[in-house]
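In the two complexes below, chain A is the common chain; its partner is chain B in one and chain C in the other.
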Partner chain A sequence: MAEIRLEKLTKHFDEVRAVDGLDLVAEHGSFIALLGPSGCGKTTTMNMIAGLERPTAGEIYFDDFPVSGLGPEKRSVGFVFQNYAIFTHMTVYENLAFGLRMRKPRPPKDEIDREVRAVARTVGLSEQLERRVTRLSVNDLQKAALGRSMIVRPAIFLLDEPFSNLDASFRAYMRAELKRIQHEIGQTMVYVTHDQVEAMGMADRIAVMDRGQLQQYGTPDELYNRPENRFVANFIGSVLNNFLPVVPEASGAGVVVRVTGTGSKPIDVSDRKVPLAERAGAGLPLTLMVRPEKVRLVGPDADEALVRGSITAIEPLGATDVIHLRLDGADIRSVARPDAPLRVGDNVGIAFEAADVHLFDDETEHAIR
Partner chain B sequence: MEAHNSQIEARQPHSRLPGFGGRDEKRVAKLLVAPGQLLLAFIVLFPAGVAIYIGFTGWSPTSGDDFWHAYRHWHWFDGYWEALTSVTFWEAMWRTVLITVVCVTVEAVLGFALAMLLVKNFRGRGLVTVFFLLPMMVVPAVSGFIFFMLYQVDGPVNGALSAILPGVVQIEWLQNANVAIWTVMTVDIWQWTPLMFLIFLSGLAALPEDQVNQARILGAGFWQQLRYLTLPMMKLIILIALIIRGLEAFKMFDPIYLLTRGGPGEATTNISIFLFDETSVATRWGYASSVAILVLIFVSIAGYWAIRPIERAQEETLEELAGAEARAAGAGPRIEEAIEAEAQI
Partner chain C sequence: MTTMPQEERVRFTADASTSRWVVARPWVKVVAVVMIASFFAFPLYWVVSMSFKPRPEWNPPGKVYWAPQSPTIDNYTNLLGLKSTEDSVFATQRSASALTPFKNSIILSVGGTLLALFAGIVTAYGIARFRAGGGLLPFQILQLRMFPPVAIIIPLLFFYVAIKLYDTYWGVIILYGAITFPFVVWLMRSFFQDVPREISEAAIVDGCTQWGAFFKAVLPQVKGGLAATGLFVFILNWSDFLIAKVMTTDVHSTAPVYLQSLQGGASGNEYGLQAALACLLILPPAIFGLAIQRYLVRGLTFGAIKR
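Our next item is the complex of A and B:
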């Protein structure tokens, strides 16, 4: 077990700032996901933690011990690569035994054998031990890669998009397996992914990265309910999020915003601390975000309807339908039960709670709370 | 009768040449490729045939007969027998094997070490690489002559050694029978280490980086990586390089001819120089042909043993490809397995 602490971690490749002043703490035995689009610096960060890349600046601590001077072989980390990096000229057994055989002094044969068989049972490869890895399925390759890293009992376990090549159902199975294994061995795990569903489902805390910088670090719940900025708000969520331009207006003692569209009603946002009142005077625009799951469809003339729109498409997902709506100014989406009596072309009222509204500064893209 | 008709109909769509069915088509195809095959047969078989024919005779161009009439000197296996019982022949064979083994080993080790150094990226790497490849591009006649001058007793090599070591160094690089064979080898090593280096460099550059990184993370040091990862993965490339260079070194001629002409005495006479002497100096073409055939048989046997591991490695590669294909095709049933497995949790 170990705590990982990144301080001002920076990596430049010539002119490109792959990772830019990253501060992050992964506690003992926690499961952390590094989430972001490709090129956001998440893999470079992993490589620096593993020791495959040297940081340009900043420091990495394992339990308060600075490690950036150590080679990867001295760090006691396990690393599962996206393409598994299985040793193709060896059998499954030899792959699993590799880490133990590299130890100095080399452990006795029967001890290695015992460990290999134990790990093979854990990952479910007992039947395949003597096979050449070239004969394995992708799913078994994945298990072998996992087992090969587990056998040396690393203090820290790093996984770089390990499930991206698996078919969907096996991916779901491996996600559950990995959580179980992590629970059993209690290592600190860092998991790189671009799939927010994967990150939300597995990690205790998620670090969202974009263009080499940390955007937000928090629990899945925090990221979903309290996104720090527009990027995080957009990246988290399974259905395309709704972003609408609004202009704050003074209304009595408070401040309201209004979605452009037919029959638009004011939404009270007086509870936000940031100087909205001043902005209201200047008429500076903001962006409003409301998650599709929070958008309710009501009758066009209902009291609670904040604006009117028409249905342009219905996307059935089984458990729910995604309803695409057209307002005057923009397209938005809502999630409805499949049995709702809705048809393309219907005029509907769109309603949501003021508490579910996230406001973002158009200039800084930061959340206004 | 009906069945016969339907058979013809079934065949019709496969016939590519309208008007030629079945056997006729094959005959046309054979006719079309015949000229090329005849030419090939001529190129390969004719010289071999002549060598085998002359090898059974004691023919010499100075005998007064042209080679068509070499049968007048027919003596079956006398030439072969002479070679197999000749001390000179076996000594030349022994030197050839010694030169081949030493040169190829040294070149492989040096080439591999250089490739390991230069496969990593650094400033000026391209320039250094080209610099190390230069010897390979020198015409052998020129390099032979250069080394002939360098290795004179009062030449630059002894001069340089005298500057470093106490006293005046006067090693007889080319005149001492015990030294000359090693001197000749240095030229081949100087000239052909770059080829090994080039082959190994491309091989090392193509190694899967993630596997190497994984090995490092699992705690493998430099020598362990080399032994358990780099060398096994480079096996095929190393074998091919050894065979290419082995065959070349076996036939080595130019540096020996230019430096020592096989001397002093016969101290540097390998099989190429031996054959050259028999044909050009002694003009015993019949005997030289028998020796050449003998050498061909030896090399073929050695080559067969050398190529077997390559074939095995190729089979493994094919197996790997087949495995990848099976993985791509076999994803279907595994999904069900996975779902079942998940349901049990």
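Our next item is the complex of A and C:
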């Protein structure tokens, strides 16, 4: 168990700033996800924590102990790679035992055997121990990779997109398994992924990264309900999020926004610090974001309808349907129950609560709260 | 081929008609295979049969013996110095049997191969994994092979005499190693490139040093390629004539040089002895090849290592 602290961690590859001044703390025994699109610097960050890459600047602390000078073999980290990195010339047993056999002094045989069997039980490979690795399924390969990293009881567990090659149902199963294993062994885990569903489902806290910089670090709930900027707002959420251009205007003592060019009713955002004084006169626009699951469809003439639109497509996902809507000048999406009486071409009224609306400054892309 | 379609409606391309013609007549294939196989196997047959012929059957004027009329193993026993008969070449010309050159061949070829393999895999791994020496190094190493060894052998001879490596095992082993080193680097580099970087990283994270990861995790992944490369290099060294001829005297000379000494002189061409020695020279590479056969198939499909 260890706390990981990154301070101004930076890595440049020639001119490219892969990681740029990253500050992050992963507490003892917590499950952290590094989330971001490919090329955002998450794997580089992971490699630096493991010691496989040397930082250009900044420092990494394990429990207040700076580790930049330590080689990867001395850091007591477990690393699970995206492509398993299983040793194909060995059996499953030998793969699991590898880390222990590398210890100096080497532990006694019966102790290694006990550990290997215990880990095999934990990851569910007891039946396959004597098999050659080349005969394993992709799913079992990943289990073996997980077990091999686990057996040395690393202080820190690093997983680099470990499930991205697995089929969807097994991935869901492994997500739950990993969460159980993490709970069982209680180690600090850092999990790299570009899949926000994985991150949201497993991690205690998520660090969203883009272009080498930390965008937001928080619990899944914080990221979903209080995104700090437009990038995070867009990246989190299972259905493509709705972004609409709006214009703020004064309304009595408060402030309202209207969706540009749609003749929408005003949405009261008096509780936000909308910079009205500078903006309203010039009519400078902002961006409004509302999650599809917060968008309700009502009758076209209902009082609560803020704008009108028509249904362009219905995407059934089983438990819910995703409704694609066209407004004047914008496309948005809504989530509806499959039994809702909706058809492509229907004219509908679109409603959402002011509290579910997120506003972003178009220039800085920061949230306006 | 039960019903033939109507003649006018069928248009064969040349290839299709040829293959149909062959398919329809299986014996064509058999005949072709036998002909091609005999073409390549006949020299081998001739050498083997010659090695069992007594001296009168070697090269009698105006007559060809297609098979030994009175088979004998005298050629082998003479060659190995097990028996000294009157028609033995050793009674007349030479004092040593083929045993010493054969032993020298094994020492020098194995030594040179091991040296090339060791230096070569370390270099290849450095290039493949760490881009050691930049982009040019692999080509600079290949340049060692861009001239024939004969181009430098004479200056090298003077040099070897000066540094007292002339006519020593080490002298030849170093040369064999140096000449086959580029092959090892180029072959092994492509094998190492196919091993995912994460294999060594995983081993290191699990507590290996960089060297430990190389020997315990990476090298076993390419053992097929290593076996194929080793065999290839061994055959090159085993069949060397020039370097051994120039750089050694009888004491450290090799079997190919000895083979050449079996002709001319007072006794004429010792065909039977040459054939017997040739048969013996086939054995080590063949045995080596059989021993590593199970790695070879995978190793020879260059770069097709399963991840």
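The rule is short, and it goes like this: the second predicted complex is superposed on the first by the 361 of 369 C-alpha atoms of A that agree within 3 Å, B and C clash if a C-alpha of one lies under 4 Å from a C-alpha of the other, contacts with A are read in each partner's own complex, and residues count from 1 in each chain.
FYI, contacts are C-beta pairs under 8 Å (C-beta built on N, C-alpha and C of every residue); 3 or more make two chains touch, one makes a residue touch a chain.
In this text the structure is predicted, and so the values were computed from the model without any measurement.
Peer 1: After the match on chain A, would you call chain B and chain C a fit or a clash?
Peer 2: clash
Peer 1: Looking at chain A, which partner touches more of its residues: chain C or chain B?
Peer 2: Counting contacted residues of chain A, the larger count belongs to B.
Peer 1: In the superposed arrangement, does A:Val77 touch chain B (first), chain C (second), both or neither?
Peer 2: Both partners, chain B and chain C.
Peer 1: Going by the contact rule set out at the top, does A:Gly99 touch chain B (first), chain C (second), both, or neither?
Peer 2: Both partners.
Peer 1: Pick one for A:Thr134: touches chain B only (first), chain C only (second), both, or neither.
Peer 2: A:Thr134 sits against chain B and chain C alike.
Peer 1: Please report the chain A residues shared by its interface with chain B and its interface with chain C.
Peer 2: 50-52, 71-73, 75, 77-79, 81, 83, 85, 87-89, 98-99, 102-103, 134, 148-149, 152
Peer 1: What residues of chain C sit close enough to touch chain A in their complex?
Peer 2: Touch residues, chain C against chain A: 196, 198-199, 201-209, 212, 216-217, 220-221, 223, 306-307.
Peer 1: Contact residues on chain B for chain A in the complex?
Peer 2: 208, 210-211, 213-221, 224, 228-229, 232-233, 235, 316, 319-320, 323-324, 326-327, 330-331, 334-335, 338-339, 341-342, 345
Peer 1: What residues on chain A touch chain C, complex-wise?
Peer 2: 50-52, 71-73, 75, 77-79, 81-83, 85, 87-90, 98-99, 102-103, 134, 145, 148-149, 152
Peer 1: For the complex, give me every residue of chain A touching chain B.
Peer 2: Interface residues on chain A, with respect to chain B: 50-52, 71-73, 75, 77-79, 81, 83, 85-89, 98-99, 101-103, 132, 134-139, 148-149, 152, 167, 169-170, 172-173, 176.
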